[in-house]
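Each of the next two complexes has chain A plus one other chain: chain B in the first, chain C in the second.
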Partner chain A sequence: MSATATASELDLLLGRKWKKPPFIKRPWLRWGLIVGAGIYLALAISSVPVNWARVYEGLERGAAFIAAFTSPDFVSRWNDIYHGMMESLIMTVAASVVGILISIPIGLGAARNIAPLPVYMICRGIVAVSRALQEIIVAILLVAIFGFGPLAGFLTLSFASIGFMSKLLAEDIESMDRVQAEAIKATGASWLQWINYGVQPQVMPRLVGLSMYRLDINFRESAILGLVGAGGIGATLNTAFDRYEFDTAAAILILIIGTVMALEYLSGIIRAKVQ
Partner chain B sequence: MAIISLPDGRRTWRRFTPSQQVIRWFAYLIGIAAFVWCWNRISEATTWFFVWDAPRIAGDILTRAMPPRWSYMENLWVPIWDTINIATLGTIAALMMAVPVAFMAARNTTPQMNVSQKVFRLIPPFMRPWLLTSTGEDSYSIGLIRPLALLVIVSTRSINSLIWALLLTAIIGPGVFAGIIAIAIRSIGFCAKLLYEAIEEIDHGQVEAITATGASRWQVMAYGIVPQIMPAFAGISVFRWDINIRESTVLGLVGAGGIGLQLSSSLNVLAWPQVALILLVILAAVVISEWVSAKVRGAII
Partner chain C sequence: MLRLEKLTKTYPTGDQALKAVDLEVPAGQVLALIGPSGAGKSTLIRCINRLVEPTSGKVWLGDQEITRLGSGALRRARRRMGMIFQEYALVERLTVMENVLSGRLGYVGFWRSFLRKYPQADIDEAFRLLDRVGLLEMADKRADELSGGQRQRVGICRALIQDPALLLVDEPTASLDPKTSRQIMRLICELCAERGLAAIINIHDVALAKLFVQRVVGLRFGAIEFDGPPEALTPDVLTQIYGEEDWEQTIEDVPDEEDEEEEAEAEEAAR
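What follows is the complex of A and B.
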């Protein structure tokens, strides 16, 4: 930074051509990173087997798929598409409701400023486990345990929502304004009243925003749960790809993108209203 | 906030006015009704016998899976290397595509032209927020490429990487390459969205200063904009890399390479001790990548 440079440093720079300062200042770290990245890239790229003949063959199918987007076929498999989409939406809504309801007490417990240490440790543990396991792996295990169908998908999405919502809710509670909460406490409020009047109004806008965001994520995730038999539109999509029915697949993808856009638009409106 | 008169004439404080309360109760009613309806639909599609049997099945699977088959580890090193490559190369490819998309989507860098009020009125109202980039005294700047860039962002972001992988294995055949491209496509929208928001938030003074020296459009970009978004760019890259490690561990389920392939073949033959080991490896990979990403982001910011 020139502002901190001393006069002697400036003298050294005088009369020389200006050079853009590098992003990483320490030269050994910069060159180490560049050389390391180069070696890694060379190793990585050389270890990826690419069958160019197969790729070349596939380009035609790729073009067919892109062309299918101009003439998506909603009609011939409409029944399957309709049931898949309804199942996805149902799982999304039910799982979001359950996930949010469960994540509120866990979020409260995972906030260091309102929970005692043992509760905090347990709740943070739940959050860590839920966040470390991906939806699809949880879905595989739950399908093995509960059998095929939307129940496994519903449980998976609820489980995943808990980690996500609790963590962000806890962070929001931790960064809240202490003064308001203390003012409520000073009136002699009980613990529940303290949470209800001191904490909840402060985190409510963010909680609503997060809930809408999670609803959106849950819908996107529900689209893949069908791949492992946990219900939803994924099974239909998988079948369409397997049968190379690209026009049906394109129709499903357009519906997914449309629903996600609609949900984003809706959540934008709701968030603007709440905040 | 409202002061309410009680039936006996006393006045008291309530958080919501009666009409607010009615609206809230009505909203709760609709919410509960929707949930109950959804739950009934799920319940109809469920074989409850299996659910009541679930604790026994879960215990059964657990006893079969324990202890994990540690000796299987020697078959996992190559898939782990593949998984890391899918995530890293996919992230790099995604960033290369995301940068131009982000510059086209940001209101202050997208190619734009000035139109008069008369022309602006011709645009349908719902299109205006997508096109409008800035408002002058009686001229409006509109960017015609911006909606296209936003469409790329939305569509790549809405579709999960597993679906991209499914599609790409159908098109270019199964393997690591399909996984890399699936991760790359999926990440474009995410990276471009965060990056274009960072570009829109830059300090305009620096850009003006560079422009005042007589710099060309590209020089302004290189010396006025890029240095300002560099920290955000590095942060986004590492953040996305972390997510991609997580996602690439399961791409193998649809045949797109990586450790997921071993997972799916072990599941298919019900080799639960191997499944347990693979799940432990995936868990470790996720935890380590999250730690690395948090450290690097901490160092940058």
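What follows is the complex of A and C.
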């Protein structure tokens, strides 16, 4: 009975073209969304004011800025640059180490598959607060509390690292292989032993990779934080701009780019080693 | 030695995986647990060492009621139940030796295990076990460098170094080729005999189970449908457990056991 039904169903389909079913099934909704998105895009672009005369004038200034890169001046402000650079590096490394150390327990707590619900809620709360507050806002607040200087920058970067690292670490723990961890539990291991043998080996490469990435981010952030008075190379850069010393600013930017590239290269090597 | 009384597990989804299972396993008996997928075999094994928390019922190991233990006592009780897993469940980024020694975690303190400073007796025993399963030279390899059969041997060492009274074995051969499957089953059963261990072995392959065990328990929809010696597995019984199918092949599938044995031994000698 069903055989004949299938046969006639099959006959209907033979010789017909086949197309992948559309993601949005209702045609009016599908076309409505496409047309709506097009109109929105056109309106949005046309609503951005562009003062072409101003752009023309600005091109000259831009050219002067770029021209300065051809003759970066490392020498005349070298003392300032050197101190700013050291301050940034110290701030970056210290904030990364502190941030990572604090983010490990919070990351464990924020992983639903290993933490009980109350701990999970608290840790997720900490992560949410840390991620919701933008670095610049935190830095302004901390500069107001601790005054100008690298201490405020260090604390800001530590705080921001916690949210970033904890969240990504927790997500890696949540996607780990459950059975490997289960096998360790079955041996009668204590909780700490379970984390050390069943969980840590699985997430270690990711943790190392993320730590290197965060170090990189922290260094770049430290250049921005100087603009709001939180010390580091950013403060030197800001001063250079204020004095219209574009050649010194260019030297600083080249140093920042060089450092970031060196960190990137280093993290590539380290990540390949820990796989 | 092991006794289950009205062991029941209902998952939060409402699925009743085990329906008041009663089972008694005497010391030193190797038992195969067969049944279709979803019959509750894995759940049953995991309820015994409480990796899955049973909903009701009791588990007795010797004179200890496992289902009443607090977390500390449960950890100590788990040391007496070695577990072997379907996908080996080795910690892949640890070395073979670390994987074997992790069987001693229940016996050593955190710092000793963290620093990998195990007592000499444990290290000696780990080497002895690795030698027994023919993997001595692999001790410092990482677990993910090993083949399936080798990994399962490491899994066996990890379970045995716990010095257990009972082995819980969950589909030990499901991801292995037929020959390796036989070798692994033979190894498990030999080791159980050597050490007088009881074992519950979940297994899909009925023919393979019949070759090696003294007792077969058939589970269907979370209830025991059959309990008896392997010879008593008739087509009727298999139909009762698994449903309608032509079972003659499965039952007669004990053909060239002799050859198989010789071949395995020849290979063993060659290594």
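Of note:
Assume the second predicted complex is superposed on the first by the 220 of 275 C-alpha atoms of A that agree within 3 Å, B and C clash if a C-alpha of one lies under 4 Å from a C-alpha of the other, contacts with A are read in each partner's own complex, and residues count from 1 in each chain.
Methods note: a residue touches a chain if its C-beta (ideal position, glycine included) is under 8 Å from a C-beta of that chain, and two chains touch if they have at least 3 such contacts.
This is a predicted model, so every value here is computed, not measured.
With both structures placed on the common chain, the touch criterion links A:Arg220 to chain B but leaves chain C unconnected. After overlaying the two complexes on the shared chain, residue contacts for A:Tyr197 are found with chain B and with chain C alike. Looking at the shared chain after the overlay, A:Gln134 reaches chain B, while chain C stays out of its contact range. Note on chain A: of its two partners chain C and chain B, the one contacting more of its residues is B.
In the superposition on chain A, contact of A:Pro27 is made with neither chain B nor chain C. Legend: residue contacts after superposition of the two complexes on their common chain; A:Pro116 is shown touching neither chain B nor chain C. Once the two complexes are laid over each other on the shared chain, residue contacts for A:Gly15 go to neither chain B nor chain C.
By the touch criterion stated above, A:Thr187 is placed in contact with chain C alone, chain B being left untouched.
When the two complexes are laid over each other on chain A, chain A has residues 197 in contact with both chain B and chain C. By the touch rule above, chain A contacts chain B in their complex via residues 20, 23, 40-41, 44-45, 47-51, 54-55, 58, 61-62, 65, 86-87, 90-91, 93-94, 97, 132-134, 136-137, 140-141, 144-147, 149-151, 154, 197, 220-221, 223-224, 227-228, 231, 234, 237-238, 241-242, 244, 249, 253, 256-257, 260-261, 264. Every residue of chain A that touches chain C in the complex is listed here, in rising order: 177, 179-180, 182-190, 192-193, 196-198, 201-202, 204-205. By the touch criterion stated above, chain B contacts chain A in their complex at residues 15, 31, 34-35, 38-39, 41-43, 45-47, 50-51, 54, 57-58, 61, 81-82, 84-85, 88-89, 92, 154-155, 157-160, 162-163, 166-167, 170-173, 175-177, 180, 223, 227, 230, 234, 246-247, 249-250, 253-254, 267, 279, 282-283, 286-287.
Those residues of chain C lying in contact with chain A across their complex are 49, 51, 75-79, 81, 83, 85, 87, 89-94, 98, 102-107, 110, 113-114, 155, 158, 162, 168.
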